[in-house]
Amino acid sequence: MRILFINPNTSAVFTERIGTVLSGYALPSTEVVALNPASGPRSIESVYDELLSAPGTLETILENPGFDAYVIACYSDHPTVYAAREILEQPVLGIAEASMLAACMLGHRFSVVTTNDSWGPLLRDAVQHYGLTDRCASIRTTGAPVLALETAEAETRKLILDAARKAIADDGADVICLGCAGMAGLDKQLEVELGVPVIDGVVAALKLLEGLVGYGVRTSKRCAYGRPGRKGLVNLPAVFATPYAD
Amino acid sequence: MRILFINPNTSAVFTERIGTVLSGYALPSTEVVALNPASGPRSIESVYDELLSAPGTLETILENPGFDAYVIACYSDHPTVYAAREILEQPVLGIAEASMLAACMLGHRFSVVTTNDSWGPLLRDAVQHYGLTDRCASIRTTGAPVLALETAEAETRKLILDAARKAIADDGADVICLGCAGMAGLDKQLEVELGVPVIDGVVAALKLLEGLVGYGVRTSKRCAYGRPGRKGLVNLPAVFATPYAD
Amino acid sequence: MRILFINPNTSAVFTERIGTVLSGYALPSTEVVALNPASGPRSIESVYDELLSAPGTLETILENPGFDAYVIACYSDHPTVYAAREILEQPVLGIAEASMLAACMLGHRFSVVTTNDSWGPLLRDAVQHYGLTDRCASIRTTGAPVLALETAEAETRKLILDAARKAIADDGADVICLGCAGMAGLDKQLEVELGVPVIDGVVAALKLLEGLVGYGVRTSKRCAYGRPGRKGLVNLPAVFATPYAD
Amino acid sequence: MRILFINPNTSAVFTERIGTVLSGYALPSTEVVALNPASGPRSIESVYDELLSAPGTLETILENPGFDAYVIACYSDHPTVYAAREILEQPVLGIAEASMLAACMLGHRFSVVTTNDSWGPLLRDAVQHYGLTDRCASIRTTGAPVLALETAEAETRKLILDAARKAIADDGADVICLGCAGMAGLDKQLEVELGVPVIDGVVAALKLLEGLVGYGVRTSKRCAYGRPGRKGLVNLPAVFATPYAD
Amino acid sequence: MRILFINPNTSAVFTERIGTVLSGYALPSTEVVALNPASGPRSIESVYDELLSAPGTLETILENPGFDAYVIACYSDHPTVYAAREILEQPVLGIAEASMLAACMLGHRFSVVTTNDSWGPLLRDAVQHYGLTDRCASIRTTGAPVLALETAEAETRKLILDAARKAIADDGADVICLGCAGMAGLDKQLEVELGVPVIDGVVAALKLLEGLVGYGVRTSKRCAYGRPGRKGLVNLPAVFATPYAD
Amino acid sequence: MRILFINPNTSAVFTERIGTVLSGYALPSTEVVALNPASGPRSIESVYDELLSAPGTLETILENPGFDAYVIACYSDHPTVYAAREILEQPVLGIAEASMLAACMLGHRFSVVTTNDSWGPLLRDAVQHYGLTDRCASIRTTGAPVLALETAEAETRKLILDAARKAIADDGADVICLGCAGMAGLDKQLEVELGVPVIDGVVAALKLLEGLVGYGVRTSKRCAYGRPGRKGLVNLPAVFATPYAD
């Protein structure tokens, strides 16, 4: 099977890292492709950034049909995953959603450890959108900017470790979710240091989608994710008209 | 004071109607400007449409600084209002949010009556985002497409009336919110026929913002709506870099 | 338009202050009248006090018909506002409700800072009644008695400031609501010191009601706030029988 | 032990019926006294009626100290029970609360069957105040006025039976709570006809309080129900000053 | 009346203590019998232990029909109480449920103080099952093993006292529930030291059931607790087939 | 990898069917073993049945160590899965949990279609335990006994189809979960007839666990699922003592 991972920001460092990390986990029969859009912000740290990155991300999906499954590889996955499900029949996962659902199978409550503080209210909202408020022990932020993860120096890793330790000791987390695609590859080392499962949503999305594709199930087109009705588009690339239903 | 209403879709019929309706309600000292983006879908009926409309909507805000308050005049207001609050200090309202808050002052539970069925899950999500689940009696859809409201024939009005009557009788709604900017101007006639308050979010947003501006309060920049940090933008118009904080 | 503010306690100091504060915010076309009942406790710090103040408050409403809107100017507004809506068709707001709804338009979560500790459970209950639990970061109490606000010495203001700072830093509040009518007039100074919006419910009620009256909407009489049915009254002033429906 | 039941309305028919019903259930060692206030509405069917009845109800408590426990024998028990707990150390129960807690021990979800339709939102609020929303299958109203229960003709009983049957079949109720003190005495006959437990809150309050008094536990004065602080009272009977703490 | 208390673990020390404590509270007309199963773990500190204890507990019920009411005298009461209600028509209470319902009548929010840390998630789950999440201020654990309560040395009592003090001061608890049958008998001494009601679920179950039996109400067999349908049992004692309905 | 599926009831027909169905979905590198306990009820239709089946199920786990993952293949998975997680470090899934999590990736809300009516309250409780109440559109029961699925005649299938159609049309379900292990193998045919994804929890558990094992993550032993402490066991097989921690 073939799975497309789209890194919605334009950091090629993150895109490449995603591909590298996944190569260690994909089934022999799975081909993983990792792409990022041609336009958009270098990192996503606000709803404003999300909305600027969304058209490029959706365009990347539309220009790459025919994969067996799609991943939005940014922890701010929520509105873009929703839109991708509307325009696709194949399974789609975001890495926030994937990490949280995987965590739910390994412990009773998870905490998300992420970067700058504005993610606090955004991720609380995302957890609520996914209906998982009762399973979320806390959202912990390190205060470090996303792009510090391009180099992932020891100091950045230490901030993540400290936040995770507080989540476990003070908030009652059984499992830690890494709340940024830029943290891909840090999971196993942190797991050893923390003594609890640490979930990288990038890997979780791969393994969950291999399972869904292997089961042969696809996105429901019934209600929430029905294909959008045809309508005129003004001053937008023609590719954006392709998903509309007649 | 000056208030900017942005109709995020590119239906000039709706933009003009919004201006006309508001002229009957603005204080003598209030100047209302209604605009729509230069690019985007002709109507918004899905998250996909929302995300296509968002950059044009944000660009319209950035090109029109200096208003005292801003309104996102689409019932799918939720992520765009959030982003607008991040990049502005002036008060911002969406018309969904405005209609629901106004309804909360006039009855104990409101229902939203809107157009096609895919709005059901989207608006339940929006109600939850605004924290008003306990105040919402139901979301009722007419099944009619948004653009049927450009002409607003008798049949379209009858569908709205029928849905509102069911919301009142079966769901226990005390107040009806009109769930589409295209319904602007229908409120008073429906109110007479239904016997309960009917709220047009476009008018509600105007009157609530006149109040907030009159009070002299502005958007909190503290946590949720902090200004986004500076970062590189690839292949995007330069205006999108202006709101970033240093 | 004419708006009646009723201070349910019998502290003339508070009633006068409410009138003074509002004179700085009312539209030129708005006439504000501030009254307090002829009977009742000097301050309201418990449900017991609330219930003792309620008949006098309702009597003041009944003796002053014909205003365009009514305000219950006590932060323990909940049952009295409900009753006032049952017996009136004009819009009615309490100052707790008004401050919380205004806060919801300016930040994602608000905290209420109020006086003695027994308000904690009472205001949690009120927040739940208004359906705003998810928007409330915390209720913070200063432990000071309500009537200390009649003089509002520096020490009282410092207690409020400290509690608000904790609400912002520890509880994640974006906006502060002043949880007592006796705090009217303190908002702007605190706003400067705290760096987040500070809402005085007395002003918020005025500006929201000017908007609702300007829109021409009234209290729904459909379900929750239907007019009470006629019944005998024993040993109560005759004015209390006037609102009953036949 | 001695338990005081206060019927907050001034219907002597209901007060007498409460006494009669309880005589069949009290322990030999329990003395039950049933009283109603000297002033107030003849029946309670709105928050307005509740607030008019509250001072007389509280006055009756204050004039009858020394009982081992107190009951507010009206299904609109919520604010008055709260106030009674503030001013008493003995256990206090309302009949709504008592019936719901008893129902929780006999089935997984209960429905309340009550009189006129305005009780719907009021009792949903009460259920939420008692924290029992997840245990409540529905509130069902008969539409009949409260005082029709003074005679309790066959037609009134049939309306109750029909509403209870719908609660069981359509809403999934395992237990029925009779939502009005005027329904006291109807429980056993309805239980035979419905095949599920039917709880009269008047009896439930008696039996639960006999248990609490037998256990020797009293109302917590710690936080929610702390005694109100001393303050001046204007134009109110002196008895109302007695419960204040110094 | 006759009430059977079953201690689901096989600690005869606890069984005997339960009988002793209850002898001080039972009505003269109540006969209390305390038993424990012939097989099972010596203490219950996990779901694993619970499931090992359940068949022996149910067998004890089946071998002792004809009591007027039954109590599962372990704070991990939840699935076993449910099963007991399915196979009995008499009222059944668990001591967790009984202590929480009693606490709800004496304060607005309760905390449970219990033994080892794994009870935290289990009791949060139980509180949610009983629908009382909004009434629960916290679950506080002492970290001490259950069987340390067989001797109940001063140190164990001090741990309980410290946890209860934090629950009151930091979590806002008005009432303390003792979260282990092994704490039976400690309530009154702790109440004196803490200044808030302290509820022993063993006593609470007795007094609540005396009330329910006195009222003449029984477990609803309608929906949740309907009698299980007949089916084959493989390699299980024949007594387990007796409760099946035909 | 090797995965053990335990059918907790003693219906060999179901056990064999589970093995047959899974053979069509397992990866080439996965070995699936399906077993049922030597003792227990022939079907599980109540909490009573669940508790009778639990020791045999746990014994089967303890006698079969060394698998890479374990599945409790009964839709009443909740307490047994919890206990299995306490005593294992490998990943464990129940089929209810697996089907619901898979459904969450394919639609916004799912309904469970199951057998006899007593499952309604039990599965609502399970959904709440898994924290998925907001994602569950409804629980629909067919009223047919579990063992009718051993033959799965046309009539049984029609009842399932009818219930699923109501869930989609009336309750807003996007995805259907088959609420009984005995329905294994019916998913694809129903999917064609219903036009929405239909999830068999047995297959879902296999594919999700293949993913988790492939990722190399294991059950958190930190808080909820910590290994139970050592204690004496009376009259129970010695194998039950093996999982205790020292």
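All chains are identified by letter, namely A, B, C, D, E and F, in their written order; residue positions are counted from 1 within each chain.
To be clear about the criterion, a residue touches a chain if its C-beta (ideal position, glycine included) is under 8 Å from a C-beta of that chain, and two chains touch if they have at least 3 such contacts.
These numbers come from a predicted model, not from an experiment.
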item	value
Touching both chain C and chain F (chains)	A, B, D, E
Proportion of interface numbers common to chain B and chain C (over half same, under half different)	same
Angle, in degrees to the nearest 5, of the Cα rotation that carries chain C onto chain E	120
Between chain E and chain B, distance of the C-alpha-averaged centres to the nearest whole Å	52
Chain centre separation (chain A, chain F; CA means) in Å	28
Length of the line joining the C-alpha centres of chain D and chain F, rounded to whole Å	44
Overlap residues in chain A, where contacts from two or more other chains coincide	108-109, 120-121, 128, 134, 172, 223-224
Pairwise chain contacts, counting only pairs that touch as defined	A-B, A-C, A-E, A-F, B-C, B-D, B-F, C-D, C-E, D-E, D-F, E-F
Interfacial residue positions of chain F with respect to chain B in the complex	108-109, 134, 172
List of chain D residues in touch with chain C within their complex	10, 38-43, 45-52, 54-56, 58, 79-80, 82-83, 86-87, 116-118, 120-122, 125, 128-129, 145, 147, 223-224, 226, 228-229, 231-236, 240, 243
Interface residues, chain D side, partner chain B - complex	120-121, 128
Touching residues (chain side chain A, partner chain F) in the complex	25, 27, 91, 93, 97, 101-102, 104-109, 128, 130-135, 168, 172-175, 188, 195-197, 199, 203-204, 207-208, 210-212, 214-220, 222-225
